[in-house]
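I have placed the structure first, in the form of structure tokens, so that the comments after it can refer back to it.
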Amino acid sequence: MIHAYQVVVVAPYVAALVLLVIPGYRLGAITNVVASALTFAAGLWLVVSERVVSDYAIVDEFNIVFIAINTLVGFTTALFSASYIGHEIETGRLTPTLLRFYHAMFQAMMGSMNLALIANNIGLMWVGLELATLITVVMVGLYRTPQAIEAAWKYFILASVGISLAFFGTILIYLAGQPALGEGVPAMTWNLLQAAASRMDPAILDLAFIFLLIGYGTKVGLAPLHAWLPDAHAEGPTPISAVLSGLLLNVALYALLRFKMVVAGQPAALDPGPIMIVMGLVSLIFAAFMLYQRRDIKRLFAYSSIEHMGLMVFAFGMGGPLANFAGLLHMTMHSLTKSGIFFAVGHIAQAKGSQRIADIKGLSVTHPRLAVAFALAVFAISGLPPFGVFTSEFLILTTTFAREPWLALLPAFGLLIGFGALLMRLQDTIFGEPVGPAHRVDASSVPLVLHLLLVLTAGIYLPPVLVAWFQRAAELLG
Amino acid sequence: MNHAYEISHLLAGVMLVTSFALLYQQRVAAVLNTFAAQSIALALAVAWAAWSQDRPDLFITALIALTLKGIVIPVALHRTVARLGIHREVEKVVGVGVALMVGLALTGLAQALLFKVTHGTASHAREELALALSIILMGFLMMIVRRNAVTQIVGFMSMENGLILAATGARGMPLVVEVSVAFSVLIALFVFAVFVFRIRERFDTIDIEALDRMRGDRR
Amino acid sequence: MTGDLVVQFLAQGAQMFMVLLIAPLAVGVVRRVKARLMRRQGAPLLQGYRDLAKLLRKESVVAENASWLFRSAPSLIFALTWVAAALVPSFASGLMFNWAADVVALVALLGAARALLALAGMDVGTSFGGIGSSREMMIATLAEPAMMLIVLTLAIAAGTTRLAGVADFFIAEPLAVRVSLALSLVALIIVALAENARIPVDNPVTHLELTMVHEAMILEYSGRHLALIEAASYLKLVLYLSLLICLFAPFGMAPANAGVGGWAIGLLAWSAKLLAGAALLGVWEVSIAKMRVFRLPDFVGIAFVFGFLAILLAFLTRGALE
Amino acid sequence: MPELYVSGAALGALAVAAAVATLVRGPALAFVYPLTALAAMALGIVDLRVLLGGGELTVWLPIGLPDIGLHLRLDALSAFFGIVINGGVLAASVYGMGFDRAKELTPRVEPLFPLFAATMNLVLIADDAYAFLFSWELMSLASWALVVARHTDPESRRAGYLYLIMAAIGTSALLFSFGGLAGPAGGYGFDTIRAHPPGPLVAALVLAAALVGCGSKGGLIPLHAWLPLAHPAAPSHVSALMSGVMTKVAIYGFVRIAFDLLGPPAWWWALPPIVLGAVTAVLGLLYAVFDRDLKRVLAYSTIENVGVIFVALGLALAFRANGQEGAAAVAMAAALLHVLNHSWFKSLLFLGAGAVLHATGRRDLEGLGGLIHRMPRTAAFFLVGALAISALPPLNGFVSEWLLFQAVIAAPALPQAALHFASPAIGAMLALAAALAAACFVRVYGIAFLGRPRSIEAARAHEVPMVQQIAMGGLALLCIAGGLFGSVLAAMIAPVLRDLVGSVLPNSGSGPTAFSLIAFDPERSIYDAPVIAFFVAIASLTTLLVVHRLSARRTRLGPAWDCGFPDPSPATQYTASSFAQPLRRVYGAVVFAARETVVMPPPGDARPAQFSVVLIDYAWRVLYAAPSRAVVRLSERLNALQFLSIRRYLVLMFAALVILLSIAVVTI
């Protein structure tokens, strides 16, 4: 009897192998969609089937949401990419061989991320996360333009250093857990570590958390460890940007939070809260200012991802049931919205044949529907109602003000600065007299609409079961 | 079996010394030799751990360390260096003296951090851990105080030596072997990447400064 | 009872017609006094009545592009001013509709008349009208804050904004908060000069473009329209004079329940005081020169300052009383 | 409870209208306005029933925030503001019915119009912080989209940008104030908040945040700069909504927070609203008096009225804090009635401006003139609005103005020195504002409607469609009726006053006539509009009669007096700028450092003389231009971090690591 979580992890890898041998990119694209649909189905099955805690796999209230999101966005992205990537062949940016490679890597990446999410073993999670990272490195360099290769190289070096530091942190966690849990696998198992946290050596925990914060923080894209993120988003294929912002950052943050749970279990250890608050605020405000000078629309939204990651880290740093709840909600909403935005950006790039903001004007005249969808997506990410991001930002800011009135000014300041830049760019792109070419967009708009609908629903109504999961996870996060 | 610790500490100490030597070296060739020495020391340390903790699988790690990092990569890099004709002085960002001072400070920091560790198995392993940590930090330092790609790769590899050391020092830690393999692959990719860029002649030198001339988003 | 009501009503009506009746005479007095002080023969005292009658008889010339507003403004302006003037307690404080005479409302009624006049001035579209209207409104913005301060002082002193109430209060205790009252008296006089377009704010007899204010606004009017506007300005003068009287020299005013006899006395006293005030105005006007338009802020500013001082002093004295 | 279903249906209808309008195109869009009008009427009737019938409607839905849900509540206060809102919406939609189906309907406006109306209603009935801010921000968003409807015009893009940014700032301020009210436990329901009023320090922060949040939406100086740009940029019937109605939503927010949620006030809470309000009142009109764009003048005068309302609210706070409920009732009545009145005459004026824009295609006063001949009805209605907004009796503007002056006159009785020494200054500033308002609107009306046309368009102007005249006429009628029967309105808002300040105005039965408006007690102050109007009517009738009898009836039409220059061109008339000149000399030099420069060519030189005026807007310079420049400069500085070499990025990483490690060393 195989269990859903096994399917969720294994299916993509199998699909990857299959895709490696399938000739013809259309067939490959279809296979990719089918495989992702399968994984998504398995994810849903996982949601409804009972929770799992085995030596190597864990599925609890905390990660179930992220598995669901992961498989869902994986599916929608595959859908988008299937209708999008053909265009790349026509424009000659990709060869069929590369495209076959692309599809295989896509599945492998999804599988690795699912592995990282489901792993009950900190070593296994590390492996999964690093695998996903290295694959994305290759994907970023896919176009083989100088810029793409440079972005990939930068990503590669920074990520490798991050990997090493994270691994050292992992070793330290093992060392901390070893006395309590004995040698071997148990000392690397999430649920046991969490349970035994109070009996661990605080000093080692602190050291471990710092290394993990820097190591995984590099993947979360916290300033000043963010340098790889904008270029990687800008130079890679758009579907990959969507997956990067929507999923990989989340998975990295998920890892960080797991470790925070462990550290939170040991009162004697250094409180990670202030550190996370500072790093979060730095990323938030820094990214907000960086938005103003952007000329590449994908890089623009990459920086906005940094901004929102900063806000989440800030929220988790604040801690407490309300802020943690808001942080988790924000993670979910951000990954849905941001991947949706990248879908829209892909459409725009096809419509105008360029991703330079200067070349994009008057969309609301040439492509009214696309313009409306894009505007809605941007408003959603800016935390305006009726979208879910508004809910999370509402909770974060209000509860912060209620607890630390003066501290609340900083995130609000950052968000306002960021909103100023995004709104400016939005108005530049959708308003005014259209310039340049206005091609027909053949990429499917279903994924974008789907994501917008989900975010909209969340802004108006949060299903109680979701709320229950989040609240449970929030109290674990301390 | 107290001497087990002493021997492993001895080997770790040797590695630390080699790290300092790496910071000190002026010429690429010498850097590579020193690194080879460090890797061999690592191999010995791992082998010793494998024997003393009787975990035969660690011998694989030792073997990898010895062959790949002790011999193959240094030789390969020697070739490259010769081919690229950059075996003269390595351009440094800060002087050797400063680098060594910073290295000392980092070592002190590492000691101070692990001094707090009080109980559990960790406390036995803590000196070794401290040494590993300082090796890692100094590898990182080497990556940022040297300007050319080969020395940076070496820096990264000595960082990773420190990691393997720490991993083996942690008694009974699973996956060490797999991870060491993974890291070797990573390094292979590193070296490979440099070669690739060289072969495709996208970048006429492998000085990393040149690798990122065309940072995106210019006007 | 009903008879009493009728009498009351008649008394109110009487006040209404008294002000109308006496207005031209008051103006005549002013002019006569000025003339005499200038060693001129001067027009007879009743000249004002003659002027009105003459204007009413003349045909009125209206510019082609004048609108209905231009034609209907005069009667409205006249009516508003008349009502305002009739609301100020003159010879008796407790008349039937005395409660309707709220200071704030009174000022506002005059404001409405002024706005209409300014609009009428701009209707034909000559630059004269523009000059007059713009300057008139500017002067109003200077005068109204001062007026508000005066009202505030009185309200603090008397605890009401009903003119009759204020008058009663001053009849009852004529020595109340004297200093601040003196100050606000000066302020009110200055405001009155500004509002009535008298020297030094404006010269009612000039027709020199650069200095005209009120005359410029009504330059296009003639015949019966002009008559109404002139009458309105006469009434305004009477209004301010009797306002000054009822606030600062209420003695002789008949109390609420005084019969016809009391009213007669009050009437005599009031007319005497009114004409005396007119004469004083004449004296003042010959003894001072017209100011340049943009010196006015300084002049009316004095009223503002005095009004403010008056209130502060009122606070202090009240604090002393408490 | 039928009201519940009616209002639900009406709101639903608005939503449906918005949704459907996004799908249809062209003339079909015209259905929006009748539907919106009906919905607004229904909502208004419900509000009226609740206000008069007492009681309240409450709804709870399991959506919105988890564990809290969506609370909706229609109490007396919401109902009163609901009447204001829906009255404005009704007028605007009736006006919209007059649009030319072929030319004047665009998918950029019609779908958002009902949405805008619905969101404003939602803000009023929201009974928890989330619902409130949700609909508040949605309202901003809808109005933003309406502002940028003419998107090809860079000016309106700029206006929209500034507007939405300021709206976001205001919303975050309100987020803070509700966060303070809800407390760390997150009790976002208003009933929870009422149950646990915050401590003094938090209360102060909440009040400050609320003042920023609502002030920025209402245009309180110095948060006003967006308003004169955004309100005129929208289509005129939307400008009417934004200026006449949406600013009232902002005021509602402040009243709800300061009088209802925040618990018993401290006396010094009154100072910020009073001071800011008074400054806003005067400065707003000075801006207006010097501006030459018809719609922008109206927007600036909106700023002034908001200031006046805030002064009244501040006084009400002060009186209430000192337990003087009677005076508090007077001040509050002044505020609420001014809200109502302003919504009427400002909507009327904006619709009139829209009519002028439609008829002539121009907004600049210098190009208008003589419209009273070409569009007589519009001119008449606009005149009513202009006189009403100048607070002249017997129109409605004066009723609230009178009550406000009564409140100011009562202020010296307050024990706190700060307040009673401030009262004369407040009174003087309000009087100045009133006089300036009169000057401003005499100028607007005299230049735009009177005199001779200053442009071909003005000379060729035509009257607007009947429906639009009906919309304006209805509002004009309301202005007159509200002026005559202000006492009735005051009686209507009694429940609101009782809820907010615990006292009401003495009912007019205790006065001499049935319609006399009484402040404090009949012995103290009475304003009886009907009686005064009756006197004026009698007087003017008698006058007309007498003049008709006595005078020569002959009237001769002749050319205007031209000083001997035959047929002077319309350019010789007084212009808007020249009308403003005396005021500019007196006030402009002080407030805006106004400088006039005249270049006279020497005799014999054919070049025209040049006259130019420079006004400096310090508020803009300091609070808007400087910060935006700072943001850009800082972003340019930071942008260097996008272009570092990999090694430098590694240095950053290393530094972060070492710093954290050192922190660990020192802290553990």
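The first chain written gets the first letter, and so on, giving A, B, C and D; residue counts start at 1 in each chain.
Here, a residue touches a chain if its C-beta (ideal position, glycine included) is under 8 Å from a C-beta of that chain, and two chains touch if they have at least 3 such contacts.
Quantities reported herein were computed from a predicted structural model and do not represent experimental measurements.
Trainee: Touching both chain C and chain D: give me those chains, sorted by label.
Mentor: Chains in contact with chain C as well as chain D: not a single one.
Trainee: What chain lies farthest away from chain A once each centre is taken as the mean of the Cα atoms?
Mentor: C
Trainee: With respect to inter-chain C-beta contacts, which pair, A-D or A-B, contains the greater number?
Mentor: Greater number of contacting C-beta pairs: A-D.
Trainee: Roughly how far is chain B from chain C, centre to centre by C-alpha average, rounded to an integer in Å?
Mentor: Going by mean C-alpha positions, chain B sits 100 Å from chain C.
Trainee: Mind checking the centre-to-centre distance between chain A and chain C? Centres are C-alpha means, answer in whole Å.
Mentor: From the centre of chain A to the centre of chain C is 78 Å.
Trainee: So how far apart, in whole Å, are chain A and chain D when each is placed at the average of its C-alpha atoms?
Mentor: Roughly 44 Å, centre to centre.
Trainee: Could you please state the distance in Å, as a whole number, between where the Cα atoms of chain A are centred and where those of chain B are centred?
Mentor: 31
Trainee: Could you list the positions in chain B whose residues touch two or more of the other chains?
Mentor: 113, 116, 140, 143, 211-212, 215, 217
Trainee: Of all residues in chain D, which are in touch with two or more distinct other chains?
Mentor: 642, 646, 650, 657, 661, 664, 668
Trainee: If a residue has to touch 2 or more other chains to count, which residues of chain A qualify?
Mentor: Expected reply: 153-154, 161, 165, 203, 207, 230, 293.
Trainee: If we use the touch criterion from the header, which chain pairs count as touching?
Mentor: Per the contact definition above, the touching pairs are A-B, A-D, B-D, C-D.
Trainee: Would you pull the chain D residues touching chain B in the complex into a rising list?
Mentor: It comes out as residues 642-643, 645-647, 650-651, 654, 657-658, 661-662, 664-665, 668.
Trainee: Would you tell me which residues of chain D are touching chain C in their complex?
Mentor: Going through chain D, the ones touching chain C are 369-370, 372-373, 376, 383, 387, 390-393, 398, 401-402, 405-406, 408-409, 412, 420-421, 423-424, 427-432, 434-436, 438-439, 441-443, 445-447, 450-452, 511-512, 516, 522-528, 531-532, 535-537, 539-540, 543-544, 547, 550-552, 554-562, 568, 570, 572-574, 578-583, 585-587.
Trainee: Name, in rising order, each residue of chain B that touches chain D in their complex.
Mentor: Touch list, chain B to chain D: 93, 106, 109, 112-113, 116, 137, 140-141, 143-144, 147, 152, 208-209, 211-212, 215, 217-218.
Trainee: Residues of chain D touching chain A in their complex?
Mentor: Going through chain D, the ones touching chain A are 62-67, 107, 129-130, 133-135, 137-138, 141, 148, 151-152, 154, 157, 160-161, 164-165, 168-169, 172, 175-176, 178-180, 182-184, 186, 188, 202, 205, 631-632, 634-636, 638-639, 641-642, 644, 646, 649-650, 652-653, 655-657, 660-661, 663-664, 667-668.
Trainee: Report the residues of chain B in contact with chain A in the complex, numbered from low to high.
Mentor: 113-114, 116-122, 125, 129, 132-133, 136, 140, 143, 156, 159-160, 162-163, 166-167, 170-175, 178-179, 182-183, 186, 189-190, 193, 197, 202, 211-217, 219
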